[in-house]
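Following are the structures in question.
Look for chain A in each of the two complexes below; its partner is chain B in the first and chain C in the second.
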Partner chain A sequence: MIVTETTSFQEHFERIGQTESAGWPDWVTELQAAGQRRFSQVGFPTTKAEDWRFTNVSAIAKHSFAIATAAGDARLATELAGQATLDDQAVRLVFVNGQFAADLSDTATLPVGLTVRNLANDLDADDSIATGRLGRQAAVERSPFTALNTALFRDGVVVQVADGATIEPLVQLIFVTTGGETAVASSARNLVALGRESRLRLVETHVGAPGETYLANHVTEIELGDNAVLDHHKLQGDSIAAFHIASTHVSQAASSVYRNHYFAFGASLSRNEILCYHGGEDVETVLNGLYLVSGTQLADCRTRIDHAMPNCRSYEMYKGILDNQARGVFNGKIHVHPDAQKTDAKQSNQALLLSDDAVIDTKPELEIYADDVRCTHGATVGELDDRALFYLRSRGIPESLARKILIFAFANDVVQGVKVAPLKKHLESILLADHGLPNV
Partner chain B sequence: MSSETAMLEAYSKREYKHGFVTDIDADTIPPGLSEDVVRLISLKKGEPEWLLEWRLKAFRHWQSMEEPTWPHVSYPEIKYGDMIYYSAPKQKPLLDSLDQVDPKLLETYEKLGIPIEEQKALAGVAVDAVFDSVSIATTYKKTLEDAGVIFCPFSEAVHSHPELIRKYLGSVVPAGDNYFAALNSAVFSDGSFCYIPEGVRCPLELSTYFRINAQNTGQFERTLIVAEKGAYVSYLEGCTAPKRDENQLHAAVVELVAAEDAQIKYSTVQNWYPGDEDGKGGIYNFVTKRGACRGDRSKISWTQVETGSAITWKYPSVILQGDDSVGEFYSVAVTANHQQADTGTKMIHLGKNTKSTIISKGISAGVGQNSYRGLVKIQKNATNARNFSQCDSLLIGDKCGAHTFPYIEVRNTSSQVEHEASTSKVGEDQIYYCRQRGIPTEDAVNMIVNGFCKEVYQELPMEFAVEARKLLSISLEGSVG
Partner chain C sequence: MLEIKNLSARSEDTEILKGINLSVKAGEVHAIMGPNGSGKSTLAHVLAGREDYEVTSGEVTYEGQDLLAMEIEERAAEGVFLAYQYPVEIPGVSNKYFLKAAINSIRKYQKQPLIKTSEFLDLLKSNLAKLGMDKEMMERSVNEGFSGGEKKRNEILQMAMLQPKLALLDETDSGLDIDALKIVAEGVNALRSPERAIVVVTHYQRLLDYIVPDFVHVLSGGKIVRSGDRTLALELESQGYAFLEAETASA
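This part shows the complex of A and B:
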């Protein structure tokens, strides 16, 4: 069934069907064709689908997006990338409209064991890292947006860490979207592969031209070898009129550790999905997140952890602050497979509503098919604690400031989990500035 | 370990103890479902025109609906066309005393351990015994009449109190509310009606025993309880059903209405035939239960112990309309062998200062699947609303499943919503501890399970608490070893 709303992409698919694309290997062409077929078939989801019940994407469906090209507004892109840069020592890759911008990136000195490339180059290379890996985890059937990304991607990042390597410098990926006059759709496809016993710290920053409407639809696939440790941070600061849809698919081998810290501030509608699959024993997954939205923004955070093997652990903490008519959606699913004995899974979601018009829909889910497990989840929704406010006021702090302090403290729990100093500092300053608190 | 496993296995493979069929001549219509069947049911019950219209409207709506697929349960397709929609024991008309009741019926109750006489004498419980679809004997009518309480079979109330039925029927669960409620509205056979007038505290715990008897008969009960201003009633519903192989559909509807300061306490013990240990047979239980706290400071409390049925699909809900109204839900659901349960509650907060509490305990044994599905919704005007939810699951054996799907939707800042869930198993260390102190393994498991369910048992009326405990230990008999 072809849904009428998909025409802008539909037309594009017809066009690229005639002229040939990037001259990539057959398997990539086939993968993209599969994504295209799938999307043409299902179209954009509606709120009738359980997974999209609270997130209405009709605004995306109605909009007509041009397929982004590397060009964009070069001056603005340079400026935005510069602002987003956290650390001069970091290995930095900048993608403008989903395509690699070599002149804005800094990959001059790479430590031993680290390979970074853009996807387009990697697919042409003889020792292609993406070959055999790309599309392995992010199945086109899972979500219409994954299918759309698969059909449209032209570039993205490929990161590989060799067995046993510990990468000291931070690796920062900056995704800038700017279409100038036209609303664009940008689709980056990323791959991160960590070898056995390796370590990496990764920061993803998403920014866009202020006030511009665009669709950023990214898919990232991550593979962790035995004992590998990845600290993955994502800062979503897209344009307030933009749509940000992303999914991160993680496959973890035995004893590996994956930590994800997600911070959502931007976009009119954002949806971030993290899917972790435990492919070995003794795996640890930590998912922390903070969504801070106001106006009419909608922030949708979804996580799914597949405890497929015994003796694995997962810890999850998501917090949301919602002001004005903002909407928050949280869905956290923990699926414990039949043989995953001794699973230890904890999940919590807390939301703070600052306005009577703000809305939160939260749905923590446990699906458990093994008996020797310990799983808990908790969700709370509320306003600021009156007693805490009273405590501060009784010590001479005006109510407005007391409220700001409490809100800051609520959010700071998540920020404190970040171990990358420049990022932590950056987040703190955003939080403080947001509430007009003096920077200390 | 091996002995524990053996016991766990035995525990989860318990046999249904209340299985037998009473051979009574029933007035049954041929299988099938059509407008003619709906008309026939209405005709047989001598219903007024407006009720027939209501049924037909529900039926037409039902035809346009699709069976829901979202519950976490799986079962073979139900052939609605092959079922019998009406079956009444031939005995009529209504009787005043038990002597007039068919001795075979009485014998059935005897076997189930619910002798009506004894209950009359000892427990002081008025029993409106529903044998299949028509209520036969109503006891303690006098006491209730003196208090002004109306408690009678639904079909009787249609004639004796049409104005009340017209006013409240479908006012909480509309005819087209969901697939099974619509089906019930079209073909409901009988049920209970209860009306507590203003300021009256019902002198007795009201009780109905529902039983499913005739082969191939879906039971479509309809219960309506109305508590006027300041009234109080405690209603007990208990179920056991004879053993048989074919799946039987049960789609009941329960509606509660609480006016200002009124309180309704609704307790259920459900022990319908769950199917044999291979998952053959068993009752499909698709029930819509909903209460409306219409008035300020009203309170509705649901307590349920669910040990039976092959499939349970049930979400007793409370709509908290009045300010300061309270909704409560206490549940123990046991799934053993191939049983599946998808149960939970909905608390819809509309009024100010409304409170709701949800305590749900799920126990899975064998290859049973137990899901909690709940919704807590705080609407914009529900200032200072408060909810506390706790869902705990206990797993016995390594092939069963426990799932929770809580939905929390909040549209108000001053409200506080808390949700907690945990999953654990009967630990070997716990059993070892008990055995070390001379407590046999099976008793130890019973103790642990009872302790796990304690918070819910406390909410049950005394007679029920005893029965519930007994049921649970029978359910889990031989399941742990």
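This part shows the complex of A and C:
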């Protein structure tokens, strides 16, 4: 057996004995205990595990984290949440160290058909939305981090949209992590459920105290009813010294549409997994991603789409820009089940390496068990196009500007895929700040 | 304006240019013709500063300066313009942004005030109209999805916007329909002036009916093997390059 260092979490578990669960129902206590058992058994993964071959989490395993219970630096948290706020009209829920911060949130006026709660409240409520849903998709056996999140969560968000409701305002979830003096582990557990024929636009923003080391380990479960449409955006702008691990599990009923736009700029190590399961026909899944890393950052992006039913579509485009000694990992699994005839799956993943020391490990995995399907995938890894660079320069544009233009252009089509105007503007400004395209 | 002396260049280990001599004065129009693969585009690229080619000997003086010592963007800012035989597609960069970036980069280099947006848009509009181009094309990415002829027109649009001193046109006529050929030729003729020079690379007399050259050169096997006035082009049109072989054989 491989011995892994889990001291800090192990000690925590031993100290509290049976996970106390704030008077939550038995099923939650059992779920958390299962998470704890699982994590105690397997510990942190090592690079010997196939799924973790390119992503070495020993830095997390070696580190001690305090289990975040309350807000760290309240003033800083307020400031960070303010900066992350995209739209005054949005319904906004802020979580500090994984716990709901009512005073920083804005849920005063909710449109008809939208219910938002923090998980701790929901689990106490008579009409709990999470009951019967939480843990249904994110099995503790799937990943040690899912087990750890399951053992440790104390809060998170619960969003429900009623059948037939189209929610006009944006819903923004802001996750702030700041431990002040201590490195904290924050574990939010989120649930989003859209009823039949409903529509929602969701933005998840992750930020943290600049320069702080912490572990953000979040799990989100999403259920889409028949014909539901969810536009889900995630911006990972965590502290450059932080660890960000997250998985999003999506189950899609017939004719539903799930679009995920993932943008990763922060964290020393980040791993974002999206797992979509098609539970009905005529489902559409769109997964777009952009990661921009430099220094010694590592960004690991994984997606898995289970085409379990016929006549479904999935379109996936991931792009990475890697500078210095940064590393990228992309793993895109498309599993076409035997019944999933007429599947249309496209996947493309492109990486731009700006330095000789930057590395990308990319692995598309197509497992196709049906015969009448169309699946394409393409991966390109490259430097800036010399011919394009020459063309720009031969029109008088200095090399440094020509490079910026081409980097911006490479990233820009993922940004342009975002239809939420304030988010698009925000992303453009990040792109402009980092890879500045001057006003000419 | 441009003085090329004994210029030789190679790509990896193939010699492509083998001692080119050419002198272009302000106000002149030169045509370079020659068989496929003779080195015409290579010559144009070497002048524009393409780093894929290694200059093995010779020198190029442009306006009294050592052209080969200048950066690519410096050459452009000093007024050298190459209209490409195969213009490059640049997804994600709009034509409009690209043109404005080019104009202002050159203005910066020349220490001139930057162009105002309104002035830029007016200039763009009038040039688009002259070249019969749709202004919607300017919102599209540079050359992306453009037809062969549209790409060529776009090259001429860039030239019209940048107003170079020395324009090198590499087979700008190929891929153009007859009407487009006239429009493009008018665009080139509009640039003709006593301070400017134009070098056109072409395979066909047709273009030279519109852009009448002062000199015609034949490039073959990396050398200029014959030079003459415009009647040389007419001769080539009727007889092809057979005489080259005859001359080589008799030599």
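Going forward, the second predicted complex is superposed on the first by the 430 of 440 C-alpha atoms of A that agree within 3 Å, B and C clash if a C-alpha of one lies under 4 Å from a C-alpha of the other, contacts with A are read in each partner's own complex, and residues count from 1 in each chain.
In the analysis below, a contact is a pair of C-beta atoms (placed from the backbone, for glycine too) under 8 Å apart; a residue touches a chain by one contact, two chains touch by 3 or more.
The structure presented is a predicted model; accordingly, all values stated were derived computationally and were not measured.
Undergrad: Quick one: chain B and chain C on chain A, clash or fit?
TA: fit
Undergrad: According to the contact criterion defined above, which of chain B and chain C contacts more residues of chain A?
TA: Comparing chain B with chain C, the partner touching more chain A residues is B.
Undergrad: Check the residue A:Leu401 against both partner chains and state whether it touches chain B (first), chain C (second), both, or neither.
TA: It touches chain C, and chain B stays clear.
Undergrad: Counting only touches as set out at the top, which of chain B and chain C does A:Lys363 meet: first, second, both, neither?
TA: In the superposition, A:Lys363 touches chain B alone.
Undergrad: I'd like to know which partner A:Ala162 touches here: chain B for first, chain C for second, both or neither.
TA: A:Ala162 sits against neither chain B nor chain C.
Undergrad: By the touch definition at the top of the document, which applies to A:Tyr391: first (chain B), second (chain C), both, or neither?
TA: second
Undergrad: Quick one: is A:Phe410 in contact with chain B, with chain C, with both, or with neither? Answer first, second, both or neither.
TA: second
Undergrad: Between chain B and chain C, what opening angle does the Cα centre of chain A see in the overlaid model, nearest 10 degrees?
TA: 70
Undergrad: Just to confirm the value: shortest Cα separation between chain B and chain C in the superposed three-chain model, in whole Å.
TA: In this superposition, no C-alpha atom of chain B lies closer than 12 Å to one of chain C.
Undergrad: Per the contact definition, I'd like the list of chain C residues that touch chain A in the complex.
TA: Going through chain C, the ones touching chain A are 48-51, 71-73, 75-77, 82, 84, 87-88, 90-93, 97-98, 100-106, 109, 141-142, 158, 162.
Undergrad: Mind pulling up the chain A residues that touch chain B in the complex?
TA: That would be residues 50, 338, 341, 351, 353-383 of chain A.
Undergrad: Of all residues in chain A, which touch chain C in the complex?
TA: 385, 387-388, 390-399, 401-402, 405-406, 408-410, 412-413, 440
Undergrad: Which residues, counting only chain B, touch chain A once they are in their complex?
TA: Interface residues on the chain B side: 70, 378, 380, 393, 395-425.
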